[in-house]
Amino acid sequence: MFKQTLHISTSPHLVKGTSVEIIMRNVVWAMLPAAAFSVYVFGWNAALVLITSTLSCVLTEHVLCRLSKKRSTVSDWSAIITGLLLGLTLPPTFPLWMTFLGGVIAISVGKFLFGGLGYNVFNPALVGRAVLQGAFPVAITTWYDGFAADRFTTINSSLFAAPFMKPMVDGVSGATPLSAFKFDGVVTDTADLAFGFVSGSAGETSAILILLGGVYLALRNFMNWRIPVSILATVFILSGIFYWIDPSKYPSPLFMLFSGGLMLGAVFMATDMVASPITKWGVILYGAIIGTLIVVIRIWGGLPEGVMYAILLGNAISPHIDRLIRYRVYGTSLKSS
Amino acid sequence: MNNEITKATAPNTTDEFIKGLWKENPVFVQVLGMCPVLAVSNTAVNALAMGLATAFVLIMSNSLVSMLRNFIPKEVRIASYILIIATFVTMIDYAIQAISVDLHKNLGAFISLIVVNCLILSRAEAFASKNTLTKSIMDALGMGLGFTLGLVSLGMVREILGSGSIFGIAILPDTFQEWVIMILPAGGFFTLAAWLLVFNLYKQKRNAL
Amino acid sequence: MTDSKTIAPPSNSFKMLRAMAGIGIICGILIVFTYEGTLPRIEFLRAEALKEAIFKVLPGITEMQPYAYKNNAFVPAEETDTDVVYAGYDSEGNFKGIAIVASGQGYADQIKIIYGYDPENQTVVGFYVLESKETPGLGDKIEKDPTFLENFTALDVDLNDDQSTLQNRVVTVKKGTKTNAWEVDGISGATISSRAIGEIINASASEWAPLIYKNKTAFNSLENEQ
Amino acid sequence: MLTINRHTFKHGIHPPENKDETNGLPIRQFSFAPLIILPVAQHIGKPSKIIIREGQEVVRGQKLAESDGFLSVPLHSPASGIIRKIANVPTLSGKMTTGIYLEPFPSSTQEILEGDPIDLETATPEEILLGIQEAGIVGLGGAAFPTHAKLKIPEGKHCETLIINGIECEPYLTTDHRVMLEQPDDIFMGIRYLMKATGAKQTIIGIEANKQDAAEFLASKLTGKEPISVQVVPVKYPQGAEKMLITALMGKEVPSGGLPIDVHAVVVNVATTAEIGRLLPHGRGIQERVITITGPGVKKKGNYLIPIGTPLRYVLEQVGVDESISEVYMGGPMMGVAVGNLDISIVKGTSGIVVFNQKQVHRSAQVYPCIKCGACVDACPLSLNPSKLGILAKFESYDKMAEEYNLMDCFECGSCSFVCPSHIPLVQYFRLSKSIVRKRKSKNV
Amino acid sequence: MNQESFSQIFINAALVNNFVLAYFLGICPFLGVSGKINTAGKMGGAVTFVMLISSMCAYGIHAFLEAIDAPFLQLISYIVVIASTVQLVEMFVKKMSPALFQALGIFLPLITTNCAILGLALFQTNKGYDFFQSVTYAFGAGTGFTLALLLMAGLREQLDFAEVPKVIRGTVLTLVAAGILSLAFMGFSGLGS
């Protein structure tokens, strides 16, 4: 009757049944609508950029694991997130060789050097983008208007710039809503922003779809909803105050919410749990800091957009937040009599 | 401490010279005086000028310290070294201004900052104050050249990738896409990290053999 | 180091004094010699560089003369003066314009420029960057980009009716959209730096142009004193 | 009085309860095994001293071993029979300890030997404590700490509140639930003894909302003359832990490193209470206890009254288990210990037996690095930071764990391991770390 | 003369042109003392304090050298005066707080031979700041230095518990993190204008 050998494990013998892989896979699902919409807006250009960035991240992860003689960690899906997010932050006509390089840097510098999954102190996708922005500031701020008539028939030649060579600029370059505002004082209609009828990086176009993805993740408890809520609320309130003071000088809070990479950053990038604080209040403070930095950079800084920088700075601050904001351990602060 | 290692492993003057180039390279092994290394290595020319200026100060101060080593009482030695170093730095500062205003502009305040480069003070303290003039000069030559080598190797990488040229001469085609980041501060950090990584990998491999 | 602070014997402190004094003397001699030796050459190089810049921004001149604005008038400058501008003259000694140094915040750090102002035509006639830390390959186009430099060969800085300030603000617009003579065509990819130049010139010209225009006769003769 | 609390302690988790299969099944008497095996160390503290010889005949309820000092309780014979052997026996921890092999007489009437009754009215608190000790009672909630030792109020402290722990937050287990439904009179009698022994001014019976029927039943028995109340609290693991229960019921926190008495409370498990109420009036010793036997691998699930010392193998044969069983736990699945050897036997602290078969045990073996998702931080009822503790444990920074991150407060509830998406064996790390820290400390002293 | 406002000077020195991350000044203490948050904070405080003092000294020396027309003595007098000031501070700290002195270890004396301090003195002279501007500049630079040091220390305390290959651990990793931090600080560019 009892021939079976018994397993001996230590308690608890029940587990909740989530896993890193399930979480990561769901994040990918949540991003897909926004990614698909960007392809709809920018055509094959955006598709190629997204595919290249994802491939390059996955490939880099695989190769690095092999080189360091570890089991390949590609199957945990996190490299796919990094790749997709990197692609979404790039202009849809960004040269593919630069995109590829960005993916390599995101994974190798942003993730692997720091110890791989779970140890990266900065958001790897943003490390990739920050390096690209530092290296190729012109290419990364060359935008094209969406909904070009030929977007599903032709591919922009700048995508195929030879490796290490400058891209040829062709087609009409458009200004993003933020740079239009900062440099020319032109305000884009909020509905256009929310539904993506603007130029910008692939992931800037569909605030609504990104938000929906975020709601899905939050409902399934795969994402800390406090982070986006805190960031968006801070941006809204701060810019609301300035708008109230002088509407002719400062952008409206709705414009601030729906323009640029704010939605993508708040929903998918600041929420990377590895590089964000761990407690509820810590996370809210983290969101408030990021939100404040975004408003400061956008309104007073030299650059039109500050989401990436704000999140990277937030990442750098989060160890301190975790050090300062901890839960009071049960029974402490009361004197043991 | 350095001194003990030096005495044990470098019995003759050529060795004093060689060690600075490789085994005790100030940039890659000792990681000393990093500020100028990072700040002025954005082009090979700047790096070379800075390296030579540092080497000059190093050689001169090492010589003078070595010559005066029996004359300077222990209590005031650091003060005297700083005085000596600051003198030679002021001299090279004026000399560079007299050579080219542009070069001086590019190197900025970093020429003056050679004063506080701990490489120089540490050589004076750890070596020149205890060794003969010839040995001290050899040591300074080696360290100075090693420092220059480190700087220039950084500067070359940064200049080639960042501007497509080397010592100001374009070597890559016009269509080459420059990596602006290489000239930015971040590029300095990254390049130095990469060089150190290469060095560590090499050391690891050699130790494994 | 130990903490015991025994008073050093006199012979020792004498040695210390002697050593410091000796070193001080050696150092002093070295420095002063270098300074004296290099000073003429350094001053020459600096003056050359300045002269070159002034000649660049005031086309066609062969002579120049610094003027300082003191007690509501322009007088030939002395060495210690601060608010200095440079008047330029052609080979016949005719007054051609004024070179003005100005600075302001750029993308990376302060940018220092010099520009030439022709009070006769009320235009900016030349422009040169003296110091900038703008990003190589981007912001440093303000020094090199020929179409950008083209902006400053005839930039309109007309004074307003009561001659108190400029008629139109000098503004940098997006590349390719310049429509008025007082606008600067920006550099794409370096909007911030090119805007900074527009703003620097605007601020400086608003201050200097009325003064110079009012006193333009002060510059008419080239005092040959060299 | 029945009150329904909406609030409870902070954090905690909600594992699937799986209590429905057994919570409706009445307690049934289990038969005697052909050979009963009794380890003498059944409780925390000093093992009892054997006072019988091999070959001796004993009567049910007779003392086989007597207490050896204050932190020790006697062991009573669960059946009339003959002592076959005094030898080493296997235990749950895998170590062998001294034990008694008892062969019950077949079909004996199993009359129970009675001792000196403790009269509730006349006995002094000291006499009650002595009675509890003599009855061999230890905590039946699982800790098996000698109850009289816990009830002894230290010099300078006093007890206000007696808390009866009817929470039973472990999934699968329904022991306490059935005891509350079937032995209300014993429970109230036990409470009277306990209140007298501790001097408590009031008693709160704490019950989770998934046992509403038991709560209402007990409340209906209240006369209103005694200061006893029943409180229902929301379901949450690990509410049964005494610190959490005190917070849930009284809104107070037991100081770190302190005991319930620091907030003038004493917590006793409901089954322990019932046992006191049943045994003391007759001066009997404890010989059997209620155990839930359940889990997907068990055929005849139920709540059984099982003689102490019954071998586990016999128990499983009687209830019938699947061919493919692969894990057996003594206790619930959250805190219970996996059994490696079926030759061990039921002890006083055994509150449940859960059997899993292959299917349930098929969990993902992949352990990922901590991704700092914070799930564990939001699960830990003590508000520790298991994420940080886990990383420190991996790097063997035990002292930092204890000094900066309150390692020693962890009561090993396993909530953190339960929620971790990276499947990091957190509580396992902490058990090890705690024992290492303890060892280092004792070495330093 | 320099027209910059105090807030402009402060923001520029602390964030936009952070001494460590943009100007590469004080890299050695940045690499050396950023291992622990506690020490980093103390070091930052010490450097800020020394910066304030040396900034005032440098302002005075500069005025004096202008008066006697001996610009060639600038470097020597800066270094000597700053060195002696730090010496005084060191003696003061040793006496007042031996624990702090212990914590800063060999770094307090090295503050003297730290280019951030000397750089500050030289830059404020080059920029032609007046007395109060100089002090603001020193305060901004010190704050920026402390900020960079603290951020780095936080990251490194976390990285101490990361599974990093041996060849990367230590200086290489610190430099990479510094590089990313420096990229992140580029977000502040243009702020102080």
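For reference, chains read A, B, C, D and E in written order, and residue numbers begin at 1 within each chain.
The definition used in the following text is that contacts are C-beta pairs under 8 Å (C-beta built on N, C-alpha and C of every residue); 3 or more make two chains touch, one makes a residue touch a chain.
The chain list, named the UniProt way, goes like this: A = Ion-translocating oxidoreductase complex subunit D; B = Ion-translocating oxidoreductase complex subunit E; C = Ion-translocating oxidoreductase complex subunit G; D = Ion-translocating oxidoreductase complex subunit C; E = Ion-translocating oxidoreductase complex subunit A.
These figures come from a predicted structure and were not determined experimentally.
Undergrad: Indicate the lowest number of steps between chain B and chain E, counting one step per move to a touching chain.
TA: The least step count works out to 1.
Undergrad: Determine the shortest chain-contact distance, in steps, between chain B and chain D.
TA: The fewest steps needed to get from chain B to chain D is 2.
Undergrad: For chain B, which other chain has the most distant CA centre?
TA: Most remote chain from chain B, centroid-wise, comes out as D.
Undergrad: Taking mean CA positions as centres, which chain lies farthest from chain A?
TA: D
Undergrad: Which chains touch each other through the most C-beta pairs?
TA: Chains A-D share more contact pairs than any other pair.
Undergrad: How many Å are there between the centre of chain A and the centre of chain B, using C-alpha atoms for each centre?
TA: 41
Undergrad: Return the distance between the CA-based centres of chain B and chain C, expressed in whole Å.
TA: Centre-to-centre distance between chain B and chain C: 33 Å.
Undergrad: Centroid from C-alpha atoms only, then distance chain A to chain D, rounded to Å. What do you get?
TA: 49
Undergrad: Between chain C and chain E, what is the gap in Å from one C-alpha centre to the other?
TA: 29
Undergrad: Which chain E residues sit where two or more other chains touch them?
TA: 72, 76, 163, 168, 172-173, 176, 180, 183, 186, 189-190, 193
Undergrad: Among the residues of chain D, which are close enough to touch at least two other chains?
TA: 369
Undergrad: Could you check chain A for residues that touch two or more other chains and list them?
TA: In chain A, 109, 115-116, 119, 131, 134, 137, 302-303 touch at least two other chains.
Undergrad: Which pairs of chains touch each other in this structure?
TA: Result for touching pairs of chains: A-B, A-C, A-D, A-E, B-C, B-E, C-E, D-E.
Undergrad: Write out the stretch or stretches of chain A touching chain D in their complex.
TA: Per the touch definition, chain A meets chain D at residues 1-2, 4, 6-16, 18-23, 76, 115-119, 224, 273-274, 276, 278-280, 283, 322, 326-332, 334-337.
Undergrad: Show which residues of chain C lie in contact with chain B when the two form their complex.
TA: 8, 12, 15-16, 19-20, 22-24, 26-27, 30-31, 34-35, 37-39, 41-42, 45-46, 49, 131, 135-138
Undergrad: What does chain A use to touch chain B in their complex?
TA: Listed in rising order, the residues of chain A that touch chain B are 98, 109, 131, 134-137, 139, 161-162, 164-167.
Undergrad: Using the touch definition up top, name the residues of chain E that touch chain C in the complex.
TA: 1, 8, 17, 72-73, 76, 127, 189-190, 192-193
Undergrad: So in the complex, which bits of chain D are touching chain E?
TA: Touch residues, chain D against chain E: 369, 391-392, 394-395, 397.
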